[in-house]
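First subunit A sits with subunit B, and in the next complex the same chain sits with subunit C.
Now for the complex of A and B:
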């Protein structure tokens, strides 16, 4: 599941990028360009975009904390467990814990996915206009918003699934510490309470990426003619 | 969506594309369609929209900047320069007359008489 989500998100981002690149040709003897500045932010779904950005920061922060506090497990494998000590007599380790063994690959996939999303969003705004009539501009803007929404939803899947996994395992591990402090209990409860929220966000992202009865966006066809200048 | 006229590049025109763009942007700024401080399309976006090399659009922007019509502060995009001299009435009328003379000359070359020249202009005015 932790691997399936990033693969799904990367496939969506790659598909959007390929689609935007495929519609980028500008040819013909007479070419028109509107006097406009196209920005990524103008095409993103604001609420979902802010939610995904916040969750990405939360995931990276959580991975940093779990990596910094991780220890070796009982087999001596580093970055897999949370060691604790209760006074001089009692000590132990709970896991799985998102130490470097888990967090480094997760962070790497996250960074690759977000870089890919950035490339796709850049292409969404850089793709040439398919026409400059008011109707063509409206259609073209709708296609761009659809692409940007799909990329944002894919990023949501990319972030929400690993975050849910890390929150769940970290919360359970913290509750397994015999002599945990009050703040550790509070953190565990907060992490476990985050899981259903992330499931809801995942549903939101899925609805954006795969709208019920949704059809692939159709790019307005640009006029073609003699070779490019 | 904008009601402003789009930028146009004609591949068959012997005038180089950078000059076509420079002329149009100069006219748009001079006529006040592009206001002082307004941001121009980014180089790569405009080059992509028109199917031109980025260097072609960059040359247009360089020449406009050298003429004092636009400025490119670091990190702030390319914007219309703050102080643009307003086009005088005499200058505006002079340009209008020059355009009219060019139209009449072309029409004469096509063999049109005065009536045909006027009706063609009126037809364009009605459809604009």
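Now for the complex of A and C:
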């Protein structure tokens, strides 16, 4: 599951990127284009974008901590357990723990996914305009916002599922330490409390990615003439 | 796991709409923009389907 969700997100990002690249090039002896500056930030959904960015920072920070504190498990495989010592007589190890064994491939997938998302967002704003009339400009921006929202939602899936997995395993492992300190108990509870929040964020992201964005939510209002009154 | 994901999608989507975090899509009146919208939607849908298939394959093989 730790890699399945990022793979799903990568495919969604690739789909958005392919859709933006697949457009026919503007041709003809006379071409029109408005003079404007389009920025990625103007098309991103603000709340979801900030949430996903915050979760990405949290995930990278958590992976850094778990990787730095990981030890080998009972079979000698490095980066898979959390070793502890409670005095001279009592020591042990709990796992699974998101050490380098898990965090390195996960971080690699995350970096690839985030780079791909950046590439897709860059293409979203660089795609040529579909038209130059005021209505075309407004609708073209709406299409760009839908694509940018889909990429942001895919990034949310990319980040939320691994973060939920790492938070869950880390929280359970910390609670398995026999002589844990109070701050470790608090950290474990906080990590476990993060999981339902991440499930809700995952639903939010999926709701952005999955619904069709090309169909109008409501039909355009037809202009009424005297005969219609 | 699948049931949890479905519930998460429904709950998260419902909450996002309820709290105004996700607004319904505006209708597209311009024909050229509608064509672009349809094209991007087709590719995005293909990415979602491909992602589900490959993701489930990764999940089952892992």
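Basically, the second predicted complex is superposed on the first by the 210 of 229 C-alpha atoms of A that agree within 3 Å, B and C clash if a C-alpha of one lies under 4 Å from a C-alpha of the other, contacts with A are read in each partner's own complex, and residues count from 1 in each chain.
The definition used in the following text is that a residue touches a chain if its C-beta (ideal position, glycine included) is under 8 Å from a C-beta of that chain, and two chains touch if they have at least 3 such contacts.
This is a predicted model, so every value here is computed, not measured.
Asker: Would you sort A:126 into first (subunit B), second (subunit C), both or neither based on which partner it touches?
Answerer: A:126 sits against subunit B, while subunit C stays out of touch.
Asker: After lining up the shared chain so the two structures overlap, which partner does A:80 touch, if you call subunit B first and subunit C second: first, second, both or neither?
Answerer: Touch status of A:80: no partner.
Asker: Between subunit B and subunit C, point out the one touching more subunit A residues.
Answerer: C
Asker: After the superposition on A, what does A:206 contact: first (subunit B), second (subunit C), both or neither?
Answerer: second
Asker: Counting only touches as set out at the top, which of subunit B and subunit C does A:34 meet: first, second, both, neither?
Answerer: A:34: touches subunit B, not subunit C.
Asker: Mind working out whether A:43 is in touch with subunit B, subunit C, both or neither, as first, second, both or neither?
Answerer: It touches nothing on subunit B or subunit C.
Asker: With the touch criterion stated at the top, can you tell me which subunit A residues are shared between the subunit B interface and the subunit C interface?
Answerer: On subunit A, the residues that contact subunit B in one structure and subunit C in the other are 127, 138.
Asker: Taking the touch rule as given, give the residues of subunit A at its contact with subunit C in the complex, in rising order.
Answerer: 1, 3-5, 7-16, 18-20, 22-23, 45, 47-48, 127, 130-131, 133, 135-136, 138-140, 142-143, 146-147, 150, 199-220
Asker: Can you name the residues of subunit B that touch subunit A in the complex?
Answerer: Touch residues, subunit B against subunit A: 1-2, 4-12, 17, 28, 34, 39-42, 44-46, 48-53, 56, 77.
Asker: Could you please specify the touching residues of subunit A with respect to subunit B in the complex?
Answerer: Going through subunit A, the ones touching subunit B are 24-38, 125-129, 132, 134, 137-138, 141, 226, 228-229.
Asker: Where on subunit C is subunit A touching in the complex?
Answerer: 1, 4-5, 7-13, 15-17, 21-22, 24-30, 32-48, 50-52, 54-56, 58-59, 62
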